[in-house]
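The following pair of complexes shares a single chain, chain A, combined with chain B in the former and chain C in the latter.
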Partner chain A sequence: MTRLRNALGGEVLGLIGFLILVVILFGLTAPRFLTAANFGSIAFQLPELGLLTLAMLIPIISGGLNLAIVFTANIAGLTLAWVLNTHGGVDAGFEWFVVGSLGALIVGALAGMVMGLVIAYTGAHPILVSLAMMIFLRGLGEFLTKGGDISGFPDYLRPLGHGLILGIPVPLILFAVAAFVWHILLTRTRHGFAATMIGSNIRAAAYSGIHTKRTLTLIYTLSGLMCAVAGILMVARFNSVRVGHGEALLLVTVLACFLGGVDPFGGFGRVVPVVIALIVLQALSSGLNLLGANQHLSTAVWGLFLIGVMVLRWVAAQIPKRRKG
Partner chain B sequence: MAEPAIRLTSVSKRFGGVQALDSVDFAVDAGEVHCLAGENGCGKSTIIKIVTGVYQPDPGARIELFGEVVEKVTPQEARARGIAVIWQDLALFPEMTVAENIAFETMLGNRPRRVSYPAMRKRAVAALARLDVDLDLDARLNTLPIAQRQVVAIARALVSDARLIFMDEPTASLTQSETDALLDVVRKLSARGVAVVFVSHRLAEVLDISSRVTVFRDGRLVGVYPTEGMTQGRLTELMTGKHFETTVAARDVTGPPVLEVQGLTRQGEYADVSFTLHAGEVLGLTGLIGAGRSELGHTLFGMSRADAGQVLLDGKPVRFPSNRAAVDAGIAYVSEDRLSLGLIQPQSIADNTVMAVLKRITSGGLISPAKKAALVDHWIRELAVKIGEPTDAVSTLSGGNQQRVVLAKWLATEPRVLILDSPTVGVDVGARAGIFRIVRQLAETGLAILLISDEATEVLANADRVLHMAGGRILGEYDPRETTLQGLEAAIYA
Partner chain C sequence: MKRRSALLAGVALSVALGTGAWAQDKPTMGVVVKIGGIPWFNAMEMGIKEKGEELGVDATMIGPTSADPSLQVRAIEDLIAKGVDVIGVVPNDEAALEPVLEKARAAGIKVISHEGPGLKNVDWNFEMASATGFGEAHAKLLAEKMGGKGEYAMFVGSLTVPLHNAWADAAAAYLAENYPDMKLIGERYGVAENVDESRKTALDLMAANPELKGFLAFGSQGPIGAGRAIEERRKTGEVFVLGPFSPGQGREMIKADAISGGFMWNPAEAGRVFVTMGKMLVDGTEITEGTDIPGLGVVSPDVENRDIITDNLVTINKDTVDELADLGL
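After this line comes the complex of A and B, so read on.
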């Protein structure tokens, strides 16, 4: 049992417990909760928030934060939309989707890289740098779109946002792949190792010969890249782009990271518990929705839930101490 | 016989299962400079905290402050009676001015009242005048060097009419000239009848400034001794309770030169430094803090660039743009600050061990868990590090074992040159011997080792040759087999 605990991490077991609790609770109270349709809707809603959470995860592990994730995703989506619209709109060829997506990825990565360079070389605080980038991207986006929607995309985009492969929603597959890549990045690559060490003590990492500046730059570049993936998915799912779309998700991604046991001060965090935390949050909101609760109430429940988890974590941390003492 | 400022009798303090103080007596005379000596965890800080009311002693203690028995010492009571502490972190307000920092306490009270800046300035001026120090009253504290901040902290104590000041490791981060200036201030305080209790692990300084020394060991009083006629060696024995034979490990080294430093100069840090380090040699580099030893180490490790001179590695000139380049060239550097620079405390023993050799445990672009485990296992066994699990946080280890993990990290890079900067700081005396056994074994395998230390005993006992550095320059070279501790110390403290 202890070995299992160590392998999975107490965090994961606790979260799975929460998930089971949520499923049972809503299964009993909301008649349509345990239906394929409901799980389907969860599966379609999760990836957008999930990809943005992954974009938030690495900066937090490195001891920072990226407040620009949503607007980076918007601007990336806008890039794709612009390419499609200038090449026939609804009739744009598939090659233009490829070009547009590449453009989106480049724009996202670039936005991240600029932040990373500033953070790494000037030592400015990530919150301030990413806040400035967020305001810049938001203003730029609103200027370019005049605050309106851009829509009218080719039909072949639909499967990306709404299709199924072997019964599994395409966005969910995309998210699963992204999460797996992030997991490998963090646990098995030198870059992920360096990011984690930097999050704990950047000066000691530098003394050990870790290229801290290069690593920080790469961290935010990758974060921007993941935002772009989310941006492309949002284009496909909503068939339109509006700057500010998904704005409310920003703080939810932070919440999901902390719920998934990521250390708010950096240095510790894993992809698996964060993904489970995302599922818990999504199940909570979907269950409340089915019970007919107001959208805002479900946000309030998320907040309460996080507070509850923190108190429980504190309690759990006290138990072994007392046993020893 | 001077009258006592404070007199504590049979003070005990127990924290859970730890007897921090076991029925100790401690007395300081008015106007005396008294030193409190002992190893880490001997109870020094506990007694300070009891005198200043932070902790309450266990029943049975008697505390007499300036001739009056005080039943219960609270922090307010201690301050009102003229006892002040200057902690290592100084507890000042970095964003406020010198005058505000010195005199803010006089503006506190039970009733709200208007802050009078002219009155504060007057107080601050008076306090600084008593110390004969000239400071810009309007300078923000965070623009001052540490040494001047310390003066501010002392002046603040004087404003609240302190008659007894505790100073906790006041010289730990000062250069030699700053230390001299501080010791000067301490002498002035003493001349004005203010007693000073000095806590410092720099024994030379302790013997220099104080008239008496109280030694604690494991929460017990060892004794109170006059510093007249006391030697560093004797004091070490009293503090550790062990007799240290000064064996000398030095031998003649015949290995080829590995690291040649020629006329190396960096403005404001060190000048015209030249020496040769041979394979298999342990070269000691000693001198007071501020002599430029660590700065030199930083340059050799690629963390700073020299202005002039050159460094040859295996006969070829090298110039490192970063410390990574130095690591790749075969130079390893064990930092003097193990806690915040040598290791990443909250991370695991395994991760700390592999940190500098990530390339070596990577195959196909991915870190191989098997290679990592094998490497960690190898070094933990090689250096006999006592650990629970490799996944435990490095902070769970003792100082000596932590230092072994640092060594493991650097030895894993298979270096040609190992720079050890004060490798035994915060390591118990017993564990130090273990560290130096490893150092000697490494030298025997042909590693070239530069041992930087401010403890003359340490370099004499463990190095093959000793260089003495002061004011950024190398002043002399000593053969430990022909040098006495007194001789070397005389040179260092000259």
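After this line comes the complex of A and C, so read on.
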């Protein structure tokens, strides 16, 4: 047990406990919760939220925030849609999907990089910078699309959003790969270490020889890149792009990060607990939907859940102190 | 170890209970609307519940917390998982729903939509008002109030709600043809599902265009917001606000002339029609030319586009508003 705890961290065990609790609770109350169909539904809904959460994660670890994630994803999606539509729409060849996706990734990374540069070199607060970027991207997107949606994409996009490989939803595979890359990035690379150090204490990090400006720029560029991946997935899932798709998910991504034990002030955060937190949130939401609960209630439950976790975390932190005293 | 096996037993037990409890033969139905917690869809929920009890259908309404199409997609995914017999939907964005509705129909679920004439993956879409009839009715009334001349502005719920835009098109076309002295100011503003945005936009427009004499607001919160702006500027009786709105919410405003009037259909009736049609689909009742659907009347469906379009307009004015508001609208 101790070895397990050491390997996974108390955070993960606690969250798994929560997950089991949620599953049992809904298993008993919602008749169709423990069915393949429901888990399939959860697996299809999780990835777009998950990818956006990953995009939110690195800036939070570095002590910042990226409020522009949803609109960066939308703009990246628009880029892909534009490339496909100008090259035949429904009949666009697969090569154009590749080109469009590359374009989307570049646009996403660029949006992130601009934010990163401003944050790193002017020292402006990330909330302000990303808020400005969010407003800019939203306005730009609405101007370009006139608020309408772009649809009519080739059929081969459909499996990406709704297909199965060996019984596993394709979006889930995409998310798993992205989460794995993020995990490696944060735990095994110099950049991940630098991001954490910047979050802990940016000045100390700078004095110890970390190129903080370059790291900050890279952090937001990577965040933008992940937004673009989410944007491409959303194109495939909804078969259309519109500025504002997924708008409601922005704060949920922050919630998932905090629930996953990421320090709101930066300096600590891991991918695995965040992924489990995402599963908990999605299970809660799907379970409440199965029960036919009011949607506003499920938002309230999410909030209540977060407060509960905070309190429990505080309690858990008190126990070892008592023993010592 | 002991604790862990107890846990496993618990999971096993709940699996057993979970699969066993799903033995009921009442047809189930879930209706996903644009947004929850606003009067229009509260009334629709009332209609759905009422008709559900009457016909013996287990019908529930799901109203997302914001008008974001991705939330509707999520709600429908959950309904498919729930294994309902019928899914009803009032779409925020038609295109975004096509893939998930296709999935629903592939799972053998019947799909009914309302206010979504362009949707392809549906069994039927029904309308309580034809786009032209509804748009022109408002246009005629606006022309009458404004004396056939002057500037007016137009709000729609969102630029992507096709129906609101179809109304706006019909109204603008009618006015352009019949009242050449009436002039549309600016573009269409996609604010009419939000009171505050409608109010702000109306205030801005009045400040920028002193000659503005009328607002046509297609979207349930648009007339309310624009009406508030008129009250704030003390322009009641000079600037006319028309559009469909919830009578209970706008009762005092129409009596104070902040809103001049409008037409609507009864969302509770639409809710009832959802359940009625759902039951018909589950029972295998064919809907053809001349079928009498309670709430819609005798219909002549457009079989090719799967549309059932009717004109069941209700006038909202000083005389009718109390009666409508007392219905809970």
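Everything that follows uses one rule, which is that the second predicted complex is superposed on the first by the 322 of 325 C-alpha atoms of A that agree within 3 Å, B and C clash if a C-alpha of one lies under 4 Å from a C-alpha of the other, contacts with A are read in each partner's own complex, and residues count from 1 in each chain.
The definition used in the following text is that a contact is a pair of C-beta atoms (placed from the backbone, for glycine too) under 8 Å apart; a residue touches a chain by one contact, two chains touch by 3 or more.
Note that the structure is a prediction, hence the values are computed from the model and not measured.
Once both complexes are superposed on chain A, the partners chain B and chain C fit side by side without clashing. In the overlay built on the shared chain, the residue A:Asn294 is in contact with chain C alone; chain B does not reach it.
Contact with neither chain B nor chain C is seen for A:Ile127 once the two complexes are overlaid on the shared chain.
If you count the residues of chain A touched by chain B and by chain C, you find the higher number for C. Of the two partner chains, chain C is the only one that A:Glu48 touches; chain B does not reach it. The superposition places the C-alpha centres of chain B and chain C at an angle of 130 degrees about the C-alpha centre of chain A, rounded in steps of 10. With both structures placed on the common chain, the touch criterion links A:Tyr207 to chain B but leaves chain C unconnected. Shared-chain residue A:Arg188: touches chain B; no touch with chain C.
When the two structures are aligned on the shared chain, A:Phe238 is found in touch with chain C, with no touch to chain B.
The gap separating chain B from chain C at its narrowest, counted between C-alpha atoms of the superposed chains, is 29 angstrom. Residues of chain A that lie in the contact sets of both chain B and chain C are absent, per the superposition on chain A.
Residues 6, 184, 187-190, 193-194, 196-197, 200-201, 203-211, 267-268, 325 of chain A are the ones that touch chain B when the two sit in their complex.
Taken together, the chain C residues at the contact with chain A in this complex read 7, 10-11, 14-15, 17-19, 21-22, 30, 36-37, 60, 62-66, 68-71, 73-75, 77-83, 93, 95-96, 98-99, 103, 158-160, 190.
Considering their complex, residues 20, 23-24, 27-28, 30-35, 37-38, 40-42, 44-45, 48, 146-149, 151, 158, 161-162, 234, 237-240, 242, 244-249, 285-286, 289-290, 292, 294-296, 299 of chain A touch chain C. Interface residues of chain B facing chain A in the complex, by the touch rule stated above, are 16, 303, 322-324, 326-327, 333, 335, 340-347, 351, 355-356, 358-359, 362, 365-367, 391, 409.
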